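First chain A sits with chain B, and in the next complex the same chain sits with chain C.
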Partner chain A sequence: MKDRPVLCDDKVRYIGDPVALVAAETREAASEAVRLIDVEYEPLPPVTDPVRAMMPDSPKVHEGGNVCRQTSLRFGDVEAAFAAADVVVEGTYTTGTQIHAFLETEAGISYLDEQGRIVVVAGGQSPHRDRAEIAHALDLPPERIRVITPYVGGAFGGKDDVSVQIHLALVTMKTGRAARLVLSREESMVSGTKRHPAVIRMRTAASRDGRLLANEVEIIYDTGAYAALGPAVLDVAIENCNGPYRIANAKIDAYLVYTNNMVASAFRGFGAPQVLFAMERQVDRIARKLGMDPIELRMINAVRKGDVYVFGNRMEGSVGIYDCLRAAREHPLWRERGRPVELEYPWLRRGIGVAAGMKGYTIGALPDRGSVSLELNPDGTVVVGGSFTEIGQGVVESVAQLAAELLRVPVERVRVLFADTERSPDTSVTSASRQVFLAGNALRRAVEALAERVKDLFEAETGKRPSSVSFTEEGAVVDSGRPVPLGELAERLEAKGLGRGVVGTYEVPKVEPIPGTLEIPHLFFMFGVTVAEVVVNVLTGSVTVPRVVSVVDAGRVINPLNFTGQIEGAVVQGLGFALMEDAKIADGYLLTRDLSTYLIPSSKDSPRIDVIPVETFEEEGPFGAKGIGEVGILSVAPAIANAIADACGVEPTSVPMTPEKVYWLLKEAGVVDKLKAGGEGHG
Partner chain B sequence: MVHRIEREFSFVLNGKPVKVRAPPAYSLLEVLRYELRMTGTKEGCARGDCGECTVLIDGEPVHACLTAMTQVEGRRVTTIEGIDPGHPLVRAFVESGAVQCGHCTPGLIVASYALLSRNPRPTEEEVRDAIRGNLCRCTGYAKVVAAVLRAAGA
Partner chain C sequence: MEVLLHDVDVLVPRDLDEALRVLAERRGIKVLAGGTDLLVQMRSGAVQKSDLLDVSGLWELKYVRHEDETIAIGALTTFSEIASSEVIRRHAPVLAEAAETVGSVQIMNKGTIGGNVVNASPAADSLPALYVHDAELKLASLKGTRTVGITEFYRGYKRLDMRPDELLVEVRLRAEKGGEVGHFFKHGLRQGDAISVVNGAVLLDLEGDLVRGAAIALGAVAPTVVRAHEAERALKGRRLREDVMWEAARAVLRSISPIDDVRGSAAYRRELSVNYVFMTLWRIAREVGVL
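Up next is the complex of A and B:
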């Protein structure tokens, strides 16, 4: 949805909206020039509460009204299911505005190359799409623009949309000169995209024997001043709001709402962590009401491979949630949760909580294809090219490793050319935990294409087409001949004019949009379970997390270090989301504009983390792998909330669970007074 | 045209004496990155919150972004460029998977280097304390702590 101006015209919709661009030779001169700009504003009433923004008499952020997207879905017979239910649990849950806070802010340079093209070198997640956005905004043919995405200092979805790219290109287009733009931390926090703050109402029905019967859900996501990737985020929220469970009856009403708040878009989990916080709290409350073990209850309802999920989509990929739950149940942290633990002070309470999560990876029903190039060099090295971006997740290393595995060459002989619209083919966006899956599969096809090329070569040399080509440590084995080293192959291909390079293209099998429901249903899902241990200080409401177990259905693990690194990082981001990342916003103004007021976890906040892969085999994945980038964050916040409930008998409903909020919950429940009166807690 | 006022500063950078002309209001971080083009030291916030720009002055870790050039005059500055890439600590970061996007890595290595210089066998808690001012958004710190402990054991 293209609703966001590069520079504002006559209306400014949020505090990060750009109104003017100054280019100067020094920072001092630029600051001086900015000081001389005088903008006259006519203040409009701010629209900052998404629920009020939906009312007909609300001032409008955009001409078309404040509801940017609305979806209502009905499956099964919800009313009958509620009438037949033994237990009904209801709650309203809110989650906050999480800021990506990557350590490298949005930054880049631009210049004209010797052919007159505008080259933009900037942090991003999709060079080809960034190029299309620049071309569209500046009305230039895409061939006039080259986008290079070098190693990026963290993204987490926050660089999925364009940030500095168009502004850089604009300055170079207007001046013909090189430009540099690096956002300050404050500029990054104010203007960058955020995780959608959410209000979620849920009513969930279950039978006495623990079967989830129906879910009634209202989802309100505040997308801020512009839609950005909000419509797709809302779709992912809808798709995952019932959790990884078989629920036959559902009523879902979802709204994406414009406000004058900061813009929300992609953030690791892409809309799923908010709804899963609500759903996994609901499931835990049902378990408590039924007196059932919360893992047992989840196992009874867990979706299995081949199940038709609530939207009518069949779960055809690997579905490891049942195995994840079983592994979590066997972990000592869960098994020994009843064992008394000596705490340092009488005002501390310990609790253990569990939560499950799911999310589709790849981009669902949207066209999702990517290409990877493969070239043999006479010196025996191999060059792999693709537009995947290296945002710290290790995709370059993983792709090199896959190429080495497929061609049986040492990984040091593989060079990866990535994320340059001029030199690497379009592997599409690096998001939705899709790149190893996509690039890996495209690479597999490139290797098949290379085998065909080798057959062409032998046919050209001998007049007879060989029937098989395989790659061994000594080189390519054609039929049963002697192995031909790859360097020699490159020379012989060159000599016959056949070309040393091939391209492999993979298209993700897609599900059709389900009419009237999901626009982008997914075929492939990741699953995970988090077990969290908390210690709650009843006197202050502060919560520490000594230990987390993250069980992940990762498909086959390709690179164990990258895998555990992704999960550990996601767990700690989830911990920040759950407990401390508290963006204070008043009338659309961000008050917490630095890292001493908007706190992200430090080494002292991060728990001991056990990462446990449940290695299902994803038939469609490269070597059985699935996406792993987002799964670790999905169920962290509800697991911590459920642990707080276990520790103190209170029911957190609002993320982040700051000391203030937890303290008032404890106060309201009488836990604080009971402690002060000298009573014994149950922790 | 904005006129630029400069003065000269002399200090020892990674073992070599340097003289540099820079605006007197510049921080050490600005001088390192903009005047000396030593871009190994990163800027994450420019206000002492994130620890990305950690360097050593006479062996003690400081935020280069909060260090005025007048404080540097005549002293010994060590940046990430001054630590040998083959140093056990650097190798341990690579081998432990302690680097994801890498933006916080220089500051973390410099802070850990200072820790190991004064305490060659730290406990896990001592490592966590020493790097508490160095924010990392990618790793969740587990592999960073493991890397420092691994280097200490080497």
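Up next is the complex of A and C:
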């Protein structure tokens, strides 16, 4: 949805909206010029609460009204299911504005190359799409623009939208000169996209034997001043709000709302962590009401491969949630949770919590395709090209590994050319935990194309088309002939003028979106379970997390080190979301503009993390692999909340669970006063 | 918007005398020690940009000395040096504990005790320890040297008994006596380095479970660090039991006047002040084996 100006003209909708662009020879001159700009603002009443923004008398952020997107979905017979239920649990849950806080802020350079094209080198997640955005905004043909995305110092979805790219290109277009734009930390915090703050109301019905019967859900996501990727984020919220369970009846009303808050868009989990916080709290409360083990209850309801899910979609990909739950149940942290543990002080309480998560990877029912190029060199090396971006997740290494595996060459012989619109074909966006899947599959197609090219070669040389080509450590084996080393193959292809390069294109299988949605359902899902141990200080509200177990349906793990690193990082980011990342906003102004007021977990806050892959086999994935980039974060916050409930008997409903919020919750529940009265736990 | 500091003059004195001469002659110049507060504040515009006198190279102001009953700490001693000083760990362990939690290793390596004192943040982590140790501050200028008690030094929020031509050169503490035992406490919003929402120090003089003397100081709950005299009185002459601890802890409310800010509400700070003083008293009681 293109509702966001590159530079505002007569209306500014949030504090990060750009109104002018200054280019100067030095930072000091630029700073002085900015000081001299006079903008006359006529203050409008701020719209800051998404619930109030939906009321008809609210001031409007955009002409068309504050409800950016609304959809209502009904499946099964919700009323009848509630009427037949033995247990009904109801709650309102809120989650906060999480900031990506990547190490490298939005940054880039631009210049004119020798052919007069504008080259933009900037942090991003999709060079081809960024190029299209620049071309559209500046009304230039895409061929006049080249976008290169070098190694990016973290993105987490925060570079899925354009940031500095158009501004850089604009300066170079206007001046013909090179430009550089690096946002300061404060500028990044204020102007960058965020995770959608959410208000979620949920009513969930279950039977006495623990079957989840129906879910009634209202989802309100605050997208801030502009839609950005909000409409798609809302779809992901809808798709995952029932958790990885067989629930036949659901009523879902979802709203994406404009406010004058900061723009919300993609952030690892893409709308799923908020609804899963709500749902997994609900499921835990149901288990407690029924006196059931929370993992058992989840296992009873866990969706299996081949099941029809709530939207009428059949789960055809690998579905490992049941196995994940079983692995979590067997883990010592869970098995021994009833064993008394000596705590250092009488005001500490220990608890163990569990939560499950799911999210589709790839972009669901939207058209999704990607291409990868493959070229053989006479020296025996192989060059793989694709526009996937390296945002710290290790995709370049994984793609090199896949190519090495497919062609049976040592990985050192594979060179990867990535994320350059001039040199790498469009492998689409690096988001939604999909590049190993997408690029890996495109690479498989490229290797198939290479086999065909080899057949062309032999046909050209001998007049007879061979019937089979396979790749071995010694080289390509054509029919049953001697293996031909890849370098020799490259020379012979060159000699026959056939070209040494091929392109493989993979189109992600998809189904038609269900009415009222954009991209539901996905065909491929990630699943995971988090078990968290917490220690709560009743006298301060501080929650520490000594240990987390993250069980992940990983498909087949391509690179164990990258896999573990991804999951550990996601757990820690989830812990930040759960406990401390608290963007304080007043009248649309961000009060926490730096990393001393907006706190993210430090090494001292990071728990011991056991990452346990449950290796299912994804038939559609390369070598059985599936996406894993986001799965680790999905169920961290509800697992921690459920652990707090286990420790203290209170029910957290609001993320982040900061010490102050937890303290008041404990105080209201009488836990603090009970301790002060000296009632328990004294040694 | 970020204030650029490219046009700031930085003067580097050869020795203390030259530093004092510059301070006497160049009005409006600010003293740069570790810079961990000052540069952040100048960059954000919270402190008016000015020329800087960089004293960080004055090695003669980096020391820890044990002089009879007193610990003398050169103003430019860093928190890393304080935290690892044998003298401080033995004779003022409350200060060593505070120094260890001031911030990240990088901040501890740069930040100095003199800077922490003069920056006068009510949340400064070293100050409660200095209050319970009855610290005195030695201020030097071309006119001579004078010594001010820490409670008299702070006259209000960031208002100091200090002339522009003066330089803080030494912090002097009373060494812990036999029978004294204490702790620093700090509430941050995460486990790693964080600015204190509430901090404080408790130093008790005990004979068995009998409290002969008590010093309690709290930070971030008033315009300056405060001594909780009511709480101290509630302890003196009493036996260290849980009911007495709670009574004393609740008495701190009469000494504090916290405000709401981005890190926490006033109401939460009041609760924390009471609870932390209790927790600290309880820890001390357990450590000395009277609980």
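One rule holds for everything that comes next: the second predicted complex is superposed on the first by the 676 of 683 C-alpha atoms of A that agree within 3 Å, B and C clash if a C-alpha of one lies under 4 Å from a C-alpha of the other, contacts with A are read in each partner's own complex, and residues count from 1 in each chain.
Everything below uses one rule, namely that a residue touches a chain if its C-beta (ideal position, glycine included) is under 8 Å from a C-beta of that chain, and two chains touch if they have at least 3 such contacts.
Keep in mind that this is a model prediction, so the values were computed, not measured.
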Chain B versus chain C as contact partner of A:571, first or second or both or neither: first
Which superposed partner A:539 touches (first chain B, second chain C, both, neither): second
Contacts of A:156 with chain B and chain C, given as first, second, both or neither: first
Partner chain(s) touched by A:602 [first = chain B, second = chain C, both, neither]: both
Which superposed partner A:345 touches (first chain B, second chain C, both, neither): second
Which superposed partner A:34 touches (first chain B, second chain C, both, neither): second
Chain B versus chain C as contact partner of A:184, first or second or both or neither: both
Residues on chain A lying within both footprints (that of chain B and that of chain C): 28, 184, 596, 601-604
Footprint of chain B on chain A - complex, ascending: 26, 28-29, 32, 100-105, 151-156, 184-185, 391-394, 561-562, 564-565, 568-573, 594-596, 600-604, 606, 608-609
In the complex with chain A, residue positions of chain C that touch it: 1-2, 4, 6-7, 187, 189-195, 197, 242, 246, 262-265, 268, 271-272, 275-276, 278-279, 282-283
Chain C-facing residues of chain A, complex: 27-28, 31, 34-35, 184, 186, 345, 347, 539-540, 542, 544, 579-580, 582, 584, 591-592, 596-597, 599, 601-605, 658-660, 663-664, 667, 672, 676, 678, 682
In the complex with chain A, residue positions of chain B that touch it: 1-2, 4, 42, 44-47, 49-50, 52, 96-97, 100-104, 127-129, 131-145
